[in-house]
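Common to both upcoming complexes is chain A, partnered first by chain B, then by chain C.
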Partner chain A sequence: MTTLLDTLLNGLALGAVYALVALGFVVIFKASGVLNFAHGSLLLLGGYLVAVLHDDLGFAGALAVAVLTTAAVAGALDRLLLQRGDPDPKAAHVQTIVTIGVDIILVTDLSRRIGGDLLTLGDPWGDAVTGLGPVTVADSRLAAIVVSTVVIAGVFALFRFTPWGLSLRAAAEDVEAAALMGVRLSRVRMLAWCLAGALAALAAVFLAAFPAPGLERTTGQIALKAFPAAILGGMASPPGALAGSLLIGLTEALVAGYQSELHVLGEGFGDVAPYAVMVVVLLVRPTGLFGAKGAVRV
Partner chain B sequence: MSELVPKWGKLLLPALLLCALPFYLDAFWLRIGLFSIAAAIGAVGLGLLSGTAGQLSLGHAFFLAVGAYGYTWLAGDPGPALPPALAAVLAVLLAGAAGGLFSPVAGRVRGIYLGIATLALVFLGHHLLLTADSVTGGFNGRSVPPLTLGGFGFTADDPELTVLGVPFGAEERLWYLGLALFALTWFTARGLLRGRPGRALSAVRDSETAAAVMGVNVARYRSAAFVVSSMYAGLAGVLLALSFRRVVPDYFGLALSVDYLAMIVIGGLGSVAGATAGAFFVTALPLLMTRYADQLPLVAAPGTGGEGALGPTEAARYLYGAVIVVILLYAPDGLHGLSRRVRARLRPARSPDRPPSAPWPASAETSPATPARAKEHTP
Partner chain C sequence: MNPKHRTRGTALTAALAALLIAATGCSSKADGDSTSDGADGVKSGPGVTDKAIKLGALTDLTGPYATLGKSIVQAQQMWADETNAKGGICGRKVEIVVKDHGYDVQKAVTAYADISPDVVALPQVIGSPVVAALLDDIERDHLLTYPQAWAASLLGKDSVQVMATTYDLDMIAAVDFLTRTKGLAKGDTIGHVYFEGDYGANALQGSTWAAKKAGLKVSGQKIKATDTDLSAQVTALKKDGVKAILISAGPAQTASLVGVAASRGLRVPVVSSAPGFAPQLMKTPAAPALSAMLNIVSGAPAVSADIPGVKTMVASYTKKYPASPVDSGALSGYSAAQLLGADLKKACESGSLAREDVVKAHRSQKSVDTGLGSPQNFSDVGRPAALSTYVLKPDAKAAGGVVGVEDAHQAPGVEEYLTSKS
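So, the complex of A and B:
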């Protein structure tokens, strides 16, 4: 029973962090139709900035600088590179490949700087743990759950109550109609990219915090786990991304926690279990759990 | 019809040139060429699927792996140790069957969802390759049995062969095999694209409803595109396995799938020649850059320079990433579109071809958002 509670809490924390990343994917996709392959390297950039700056600025200062810088880099990437090309939204596939090129450059540069090191981020939780009834949880995990919940709620509020959120939803609905109604697509897009960059930098902190050993050059690859999370929930639905992330986090934690009972599936199945779950969900609901079926007009 | 003769003539010259290359290039260049040819075969397959049929696939690496490992297992020991030529054919069919098995998903799931669903194939496949050691050799992979065709081996000395004073080793022999397979790919794919199936697939891409109204069996064509594309991937996998002489699971990861996607977009979607150009670009460029990067300014030779010095491998990666970005910024329709525009400019008398349509319904996928929701907040 203790194991189960332990695993569930772990899964919840993991899912909460995936949600930060998945939400970024979804926001970018909604705003620009681009599948951002550079998301992992943006995440790595955020983590790296915290790691090098926390000695001088303190953790909070470093985090603030990292979040702002990553947001600025993501926004600049969209404004300077992606929006320069063909403005036709049908050209999103070309922009998707441009993000691959950007990812190659960013990852090469950051890997060169990080090398084989494990960077600590100087986060305030350290390796402290808290007893919650029968289970003990790492403080960083609890912080991940709390911070992610607050941030995600804030993002939903942005979507729901601000003019920008309205513009974003309108643009996701119908680009041309939105433009005719006076929505400035280029700004809406850029802000969406900024938001996604900020979320990725924040996620990097929790991905590198205890019990993870620290920030490595491969940390960015975890962003790939957010793909199934975003898809499970239905790519166009932010609440869906949240639900999908929790499902993915729980699946991964449960499969890893009960590894010994599942050894038929091979070692390390926990890492790929999210994908198996995703395929099954897509078979039953081809547009994800929360994605609505698109109306087809001829 | 009068264009038919010059078209054949245009193909003849490059074909002769490619056949003459082994007499002038050493094994290093031939190996790069071989990898590019194999990549081109795979890219043509993916171009058919994603470019023409509009089905985004990130799972191409999985089908390459099925071809490569299928051949290795079928022709090798442990395994049934079939004659290698038969094993190669069966491996291609196996890859097609794998594509067919995935068609329940491919038939139902669209656009970006399909892309990520196929991403799952890569991860699950990689896990399978690592776990099923008895078939795949686990993490360290297996060595690939060489291909023999009627007593003629595609190896260094079986039998010894010298043509016009040039000793024919494994690379030279595989080069001609690769060319033959590529010619097969080129003509079958162009035939498919220009014939009834190609038109049906384009119709499905542009509008499934309209295609169905015109009498196209949408579900059948969607899964057929998947099967055919997987077979090309399987063929590419066999050729890659033969050129590498060893297959390891880590090669067939997500990065490979993404590379193939980059190939078809850089080449220009929806054309066989474009996919081929993109494949050469993506495969050969990093290899060449790594080889010659130490001659660039500011780049330290390997082993020299302290921590943080810019090594040739990294310089090559930077350049490669930058080239992808620059090409797509200035030629969003890829190398194929670029060459078409250059030709149109060189020959001002002829009117330029019509602009290419943009396939792959990425933008169409933004619309499945609920139609009713935005209205709650209409100002």
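So, the complex of A and C:
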């Protein structure tokens, strides 16, 4: 029983970290229809900045600089590169491909800088753990749960209650109509990219913090695990991203924790489990857990 | 067929013909049959002239193992400089051609095709997948190769030489170490966290065999290189009530495993395969737990070991490359170069530096001691070159981040294990 509780709690904590990444995917997709493959490298950039700056600026200062810089880089990426191409919003798939190229460039340079090192981020939690009854969970993961809940609520509120959120939802609904109503599409989009960049830097901190050993070259690849989370959540829905991420985190923890019992499914089932869950969810709900049903006028 | 199509057809034929010519050109170059007698009567072949012996290194200077690659390249260059200062080998200067593949198998295959016609041996090939992809070519070209990989699946190839012990022997030694010094007894369970692929599979083979002999149960946890949070694995191991844990993965995984286990109160001895530790780990939050719980098994001694050959090597390396830390990669690279040097000298004495004869000279050596660890026996292609394993432990202050705990010795059961396999 303790094992189950332990596994569930750690799965939820892992899911909370994935949620920060998945939310970035969702915000960008909602605003620009682009699947941002460069998200992992933005995350790595944010983490790298915290790692190199925390000695001089302290953790909080380094985090602030990293969040702002990553946001700026993401915004610039959208404004200077993606928006220069075909203005037709249907060109999103071309821009998606462009993000793959950007990802390769960013990752190559950051890998060169990081090399084989394991960088510590100087976070305040260290390797402390908190006991909750019979189970223990790392403090950094508790922080991740709190931060992602607050951030996701915040993003939800931004979408719902601010003029920017209204513009963004309007643009997501019907680009042309929104433009005719005076929505400045390019600025709405760019702000969304900035927000996603900031989220990526934040996620990097929790991905590199204990129980992980630190930031390494491959940390960005973990962002790909949040892909199925974003998709099964419905791709354009923040609460969906949260639910999807928790589901993926739980699945991963359960499959790893009960690896020996799941032996019948074959070695390495853990690798495919998140995708298996995604496929099952999409079979039942093709638009994802919280995805909007596409209204088709016949 | 209209004229346009015909032109395209002609162009295609021409291109195909060009490709064919290029391909045959390459293969005749790579054949290694083009042997001839040098001025000094020593038969030469590809990569060998009257003045120089060319060696090749397929390394990773831009990918995941860039730090390792840099150490090996530098250490082997140091060996070449030292050798040349003493007059070279067989009266010829030694030269190493280094090609970076960034841990990309495709690039490595191209790099191999590029350098293989012009070199006589490969003192360095980094990356198990790279070695696996090149195995057949290396065998065909009789290119004596020292890979930086220790899976037993690389044994049995005439031209490929795994240095010292293989992963399975190291894990047999690890189980022996645990039962001997950490009080593990019949009926206990040990965990083994391992990477998918040759490395992990081979290590698991050793631990499973040794555990069965000792009456222990093994709880296996398979992971992959991108898993850096081992919380779930620790939970599973705790549930199985393990008394000790083996790990055959990368440094990041070792740090997470030990850190999480310690924080969850699972303070059991952990023994890692050699690639599972890097000195950088001693700067992570897991450092205190690593110092307290971790041991490392390796066919090579610690860089800080009190062995004259190792001490000399470390001193020269720090003098030549003051900015680079001396790590296990430097020692392993230097060791490979020394062994190859011995092979080349032997081949020279037998009167031929042709590739086949270098391999033959290599396989004729029953006990090579370069003063950098256990003596190695290359005469049985199906057996590991050495059977003795060192036990090390982390020490942030030591060179290379590790110090010796037990000197090289052969774990009981190793012979029996090898017989059972063959």
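Things worth noting here:
By definition in this document, the second predicted complex is superposed on the first by the 293 of 298 C-alpha atoms of A that agree within 3 Å, B and C clash if a C-alpha of one lies under 4 Å from a C-alpha of the other, contacts with A are read in each partner's own complex, and residues count from 1 in each chain.
In this text, a contact is a pair of C-beta atoms (placed from the backbone, for glycine too) under 8 Å apart; a residue touches a chain by one contact, two chains touch by 3 or more.
Values in this document were obtained by computation on a predicted structure and should not be read as measured data.
Applying the stated contact rule after C-alpha superposition, one finds that A:I97 touches chain B and leaves chain C untouched. Contacts of A:G126 after superposition: chain C is touched, whereas chain B is not reached. Look at A:R112: by the touch rule set out above, it reaches both chain B and chain C. By the touch criterion defined above, A:R169 reaches chain B but does not reach chain C.
By the touch criterion defined above, A:G257 lies against chain C but remains apart from chain B after alignment on the C-alpha atoms of chain A. The partner of chain A that touches more of its residues, comparing chain B with chain C, is B.
Within the superposed three-chain model, A:D271 lies in touch with chain B and with chain C [touch as defined at top]. Shared contact residues of chain A with chain B and chain C: 108, 112, 115, 267-268, 271. Per the touch definition, chain A reaches chain B in the complex via residues 29-30, 33-35, 37, 81, 84-86, 88-98, 100-105, 108-109, 112-113, 115, 160, 166, 169-170, 172-175, 224, 227-228, 230-231, 235-237, 265-269, 271-272, 275-276, 278-279, 282-283, 286-288, 291-296, 298.
Those residues of chain B that touch chain A in the complex are listed here as 56, 104-105, 108-110, 112-113, 115-117, 119-120, 123-124, 126-128, 130-131, 207-210, 213, 254, 258, 261-262, 265-266, 269, 307-308, 310, 314, 317-318, 320-325, 328-329, 332, 358, 360, 362-363, 365-371, 373-374, 377, 379. Within the complex, the chain A residues that touch chain C are 3, 6-7, 10-11, 14, 108, 111-112, 115-118, 120, 126-129, 136, 138, 210-214, 216-219, 221-222, 252-254, 256-260, 267-268, 270-271. Put simply, chain C touches chain A in their complex at residues 62-68, 196, 219-226, 228-233, 235-236, 238-240, 251-252, 255-256, 259-260, 262-265, 278, 280-281, 283-286, 289.
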